[in-house]
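The two complexes that follow have subunit A in common; it is paired with subunit B in the first and with subunit C in the second.
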Partner chain A sequence: MSAVLLIVIPLLMAFLSILSKKLAPYLLLLTSFAAFALLIVDVLPLETITIGGFTAPYGIELVFDKYSLFSLQIVDGLFLLVVLTVWSTHKKMASILLVALAGLNGLLLTGDLFNLFVFLEITAISAYLISTTNKQPIHTFNYVVAGTVGSSLYLLGLILLYNMTGTLNMLDMAIKLVGVNQMAVALPFLLMFIGLGVEAKLMPFASWVKGILGHSDSFSGPMIAGVYAAASLFVFGRLFDTVFVISDSLNLIILLSLSLSILAGEAMAYSSTKVREILLFSSVAQAGIAILAFMQGYTEYAMLFVALNAASKVVLFMIFGSVAKQIGSDNVSDMSGLFVNHKWTGFGVTVIILSLLGLPLFIGFTVKLGLLLSLFNDQNILFIVIILISSVVEGVYFIKLLVELWISEKTPKVKISCQAALIAVLVALVLVALGVYWQPVEQFVDQYLSLRGGWF
Partner chain B sequence: MPAIEALLLFILAGGLLTYLVSRLNKTLGMVLTILVSGFAFISVASYAQGAGTDYLNIALPSILTFEITDTGLFFAVIVSFVFFMVSFFNPYYVSKLRYPSAYGMLFLFALAGAIGVFMTNNMLALFFLFELVVWSSMFLIPMSGAKKPVSWYYGFSAVGSFSLLVALLLIYGESGSLDLYTSLNAISGVTAGFVYALMIVAGLAKLGGFPLHIWLPRVLGESEDPVTSVFSGGLEKMGAFVAFLVLVRITPVGTMINATSLTVAQYIVATLGALSIVFGTLMAIRQDDAKKLLAYSSMSNGGYIVLAFSIMSTMSVAGGLYHVMAHALASAAAYLAIGAVNRQTGTTKMSELGGMIHKMPLSYLVYLIAIISMAGIPPMGGFISKWLIYQALIGKGLVLLSVAAFFGSIGSFLYVFRPLAALFLGQELPQFKKTIKEAPFFMALPMVILSILNIATGVVPTYFLKYVNMVMVEAGLNEVPMTGLVIHGTNGDLHAALISGMFAVGVGVAFIIFISLKKSKKVGLMDTYTAANFIYTEELLHYSVDFYAPLERLYEKYTHMMRNFYDNLANKVREIGAFFKYFLYTYKPEITVLWIVLTLVFLLWGDIA
Partner chain C sequence: MLQYTAIALMMVGLYGLLTQRNVIKIIVSLNILEIGLNIFIISIGYINGGVVPIFTSSYATPAVGFVDPLPQALVLTAIVIGVGTTALGLALAKNIYGKYGTYDLDEIKEGQL
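Showing the complex of A and B:
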């Protein structure tokens, strides 16, 4: 079996699902489960897949290495999680979700920069459609505009690079870029950086998040803030890990603007009084930290960081999206006392937030500490300070939120589905288990460190 | 004896078990907290008696390594003892707590974390456990329904623990080893300066010292009584521990102020300690709420500890360590006594209380002993520690710091006796006459034990100083000289037992006079003379209302300075956030495109220029 199935089957199913509206949701369920199962049971050999017999750099290559395996496991796993909760309620979305799955898998597998653009567009289109469930057409429209601008910029950058190197293959490009004047790479690099930054929620390119995630329901929120965000950050990581080597001054400028986006993201979340807004601005800051880690070359911690964040955001947006829909507002004050009658959900959410904050006994601590230690080993005290300052602000608003949700005289009348509560608790338990038992995390990091530089 | 890892795991597991048992029977779960914390205390105490530990071969996070040191044991014994004593109160608070099952669990988690902090020798583990204590104790606060203090506490604690982390990283960078004790001695130069500053921030934040004290009165004032006692008597001492580590083991380079034989950095820290004393005292004088009053007194006592450690003489460091113990015992006892009253009456406001001595004589006595100790009057433990600190201050000729320290002591006469007078003495209030009872046996028991220790630390201090001396030697300092029951200070000897004996004689004489004199006439509390006016607000005539008004008027304008500073800081962050939101996160895609173009231009400009 080959990893190409991860793209082909969902795409095929997407076409099939159009034929039968009744069968579509089941096809979706089956396909997303199959994709995740394939990734978990280790039947797919790690290899570079040449499509159509055209060898690279002329043909398209799919790269199925440890990096893509991990990112696919996370993305498909979370995708399955979201599908499990919505397949019966959002039956019309089945075909779109199948396309999305194909696109996301392609995004993470491809070793070709133009092919990446194609998958970028596929995922973007499905994301626009997913965001229509918010029933906020104006914001979806804004999202379309922003997304199109982003992918056009990416394409523009790619064209320039192609012109310079004559190749589209990532590995080949990396080789050809060695020795090319770094000034000349700056423009295409920036164009691509910004283009991807739009999807990855980087400040100031991604103003769409406020409209989309600020009005998201329990389907679009987890999908876009969790699954999509993870995929786009993993793509970022891939490009930084393999393709680009940029000049120090550009690197510094980007790192500083990332730092600004981390601090500003936390400040914006701090100044928000709506739950989903708090979450989305916190995502902005977290995306900044993840990309900063990727750019500094701490790929192993960045991967874990992205994975954790995505899993957390899936659950948080799922629960708060559904609650906000029921009470018709997502002001913190309207939700206060939410957990008084929903203790299990409360437990899950609390653990997830504590893990996000990097508090011990939860895996967030291990990852954050690992990241800070790596930064320290490279004498990057400035970024340590920035991350820590942002953590203080983040802590204060998240703790405020938690206390408000747990302690209140009044409680909002809402129903939280058993599925959502169960998922929250399960994710929380995983976070605790990995936070207490460090071996898997340490092994993962060691393994990745020993492989650094190679593709397999 | 079990390994320390095993002990911590046992306490954590005990926490989980408490949760499960509490789901079935809440009171039973709370009783379990007594058993587990009792076991923890006995285990820690047995380490102190020289029992060895085994090692435990299980897959814990690799950083979690422990070592038995005299310093760690000294703190661990005190804190686990305070937890143990306070845990007796837990079963009585089941109905008052929001989430009793979670409370028991978090209570024990905090205990495990605190013991771990004192016993670990790994710097990363120190941070790990520090943070564990932060979040587990943080959720104890809102159990009373208080919301605001939680985020304040988290904010300050996070600042503290993150500075600790950066300090530890710097130490690690210089020494190349994660071992706490060897690395601390290995650093020098500029790094030492940074570490000194950062760790003292951590210490002050946890201890509630100036200028990081804002959370303290709110947390101590608004949480439930057992939580307050645990914070004041136990968890705050983690700050003292960090302060002890850094202040005694690291000498920052810098200009020496010859007149004081301290470096500038040490003098600054000492001044911060002195400021904590003065601010704490002045604010305590203003309070109407007995718990808040004690909270500010905690701040001021934290100041003594920091001041004592920072001036680095044998006497002062010993005094600081002794004060850690004396204050832990005294404040735990005082808070428990106030808690006992609170449980009966539902309030801790002095203006709403009075005459409790008639129904709760034991609580009165416990409180009396505790505040005598806090005010530093013989024959209680607080006197010994303050005496040692004064010896050092005077011996070194530190005039301003001495003035602050004496001010704190005299100021504490003004405030600690107020709750005594307003709350326990005076006439009984009509509304409490029938319903009030003395605290039940199991609440009284820890209070009595603490009181006995408060007295013991004052009467036979040499017994306790023995342990302080062990810590001193370990930290590379000289022992406090003593023979038998006498402590030899730089400016004279202290016969604590003799003083106590004289004190006892004095009390005896006073008692005889009291008995032999005519009995006083009892009148109602509101039996006041008002020259033909009808009184609408008789509470205002309660003599404890605005007791020190003339004194308060001197500084009442400045009391909110620090509070406003932090409020403004929070508002600034909010404004910055709003600014970015307004300009960057609009619902207009064209503006985003503008930003994209501008960013591109800006970034390219930087690279090409």
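Showing the complex of A and C:
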């Protein structure tokens, strides 16, 4: 068996699902389960797969190494989680979700920069369609425009690089970029950075986020804030790890703009009074931190950070999306006292948020501490300061939110489905378990540290 | 010259995106941007007086100046994707018209969003 199946099967099923509307949801369920199962059971050999018989720099190749294995496990696992909760309520979306699965898997597997652009567009188009369930055509339209301009910029940068090096393969490009003048690489790099930044929700380029996630329901929220965000951040990690080595001056520019993105995200989350806006601005800030960590070369911590963040955001958006839909508003004041009658959900959400903040006893703490310690070893003071400031601000607004949700006289009348509560509690238990027994995490980091440079 | 035209077209597209408030005009601007980009990609592989990159008895060595075929293949893919996005954008424009009765984003009041 080969990892190509992860792209081919969902794509085939997407075509088949159009033929039979009745079977489509079941096909979706089966395919997303099969994809996740293939990745968990060790049947796919780690290898570089040549497509169409043309060897590496000439043809497209897929890279199935430990990096893509981990990122695929996270993304497909979360995808399955979301599908399990929505497959019976959003039957019309089945074909679109199958295409999205094919695109996401391709995004994480591909070793070719133009192929990456194609998968980027496939995932983006399915994301636009997923966001139409919000019934806000203007916001979706803004998303389409922003996304299309972003991917056009990515393509422009890519073509400039192709003109310079004559190759589209990531590994080959990395080799050929070694002797090239850094100033010449700056423009295409920035264009590609901006293009990918639109999808990854970096601050100056992500004006669409507020419209889409601020009105998201329990389907589009987890999908776009969790699954898609994780995939696009992992793509960033791949590019920084494999292709680009950035010069110091460019590094400084990007470092500053990312720092501003993080601080602005936290500030906007702090000043917001709407639950979903708090969550979406906090994930803007978290995306900035993840990309900073990828850029500075702390790939293993960044991978864990992205995974934790995505899992947390899937659950939070799922619960608050459905609650906001029932109440008809997502002001914090309208939701106050929500957890008084929903103690289990409250427990799950509280643990997830505390782990997101990086409090001890939860896995978020271990990851943040590890990242900070290795930053300290490398004397990277600016980055440490930014992470600490953002953590403090995050702490203030999240604790304020939790207090409001737990302690209140009035309680809103809402129903939270058993499924959502169960998922929240399960994810919370995993976070606590890994937080107390962190040997597996330590092993993971050690193993990946020894893999630096080659991920096989 | 070809590349200047391409960049000019892209700038026209960007200008349209930034200044227009009509949904259809925004989609048209997006298309102009994409066309400019596609011409730019083609121009990367173009050689003045180049020949089709196929070995024949009259062109037996690559030294005669073959045109790079790869950008042309890339452009085909990019065009297809662009058409897909345009179709989606137009479908959304229809939805916007159905919901608000206008294509002009300025006429849709803040409260209606």
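Quick note on the criterion: the second predicted complex is superposed on the first by the 456 of 456 C-alpha atoms of A that agree within 3 Å, B and C clash if a C-alpha of one lies under 4 Å from a C-alpha of the other, contacts with A are read in each partner's own complex, and residues count from 1 in each chain.
Everything below uses one rule, namely that a residue touches a chain if its C-beta (ideal position, glycine included) is under 8 Å from a C-beta of that chain, and two chains touch if they have at least 3 such contacts.
As the structure is a prediction and not an experimental result, all values here were calculated from the model.
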Partner chain(s) touched by A:L129 [first = subunit B, second = subunit C, both, neither]: second
Which superposed partner A:A287 touches (first subunit B, second subunit C, both, neither): neither
Subunit C versus subunit B, contacts on subunit A by residue: B
First (subunit B), second (subunit C), both or neither touched by A:I352: neither
First, second, both or neither for A:F376, with subunit B first and subunit C second: first
Which of subunit B and subunit C A:A186 touches, first, second, both or neither: first
Which of subunit B and subunit C A:G395 touches, first, second, both or neither: first
Which of subunit B and subunit C A:V145 touches, first, second, both or neither: both
On subunit A, positions contacted by subunit B and by subunit C: 138-139, 145, 149
Subunit C contact footprint on subunit A (complex, rising order): 114, 118, 121, 125, 128-129, 132, 136-141, 144-145, 148-149, 152, 155-156, 159, 162-163, 168
Of all residues in subunit A, those that touch subunit B in their complex: 138-139, 142, 145-146, 149, 153, 183, 186-187, 190-191, 194, 198, 203-211, 247, 249-250, 253-254, 257, 264, 266-272, 281, 354, 359-361, 365-366, 369, 372-373, 376, 381, 384-385, 388, 391-393, 395-397, 399-400, 403-404, 406-407, 436-439, 442
Residue ranges of subunit B touching subunit A (in the complex, touch as defined): 59, 61-62, 98-99, 124, 127-129, 131-132, 134-135, 138, 142, 145-147, 150-151, 154-155, 158-159, 162, 165-166, 169, 172-173, 570, 573-578, 580-581, 584-589, 591-593, 595-596, 599-600, 603-604, 606-608
Subunit A contact footprint on subunit C (complex, rising order): 10, 14, 17, 23, 26, 30, 33-34, 37, 40-41, 44, 70-71, 74, 77-78, 81, 84-85, 88-89, 92-93, 95-96, 99-100, 105, 108, 113
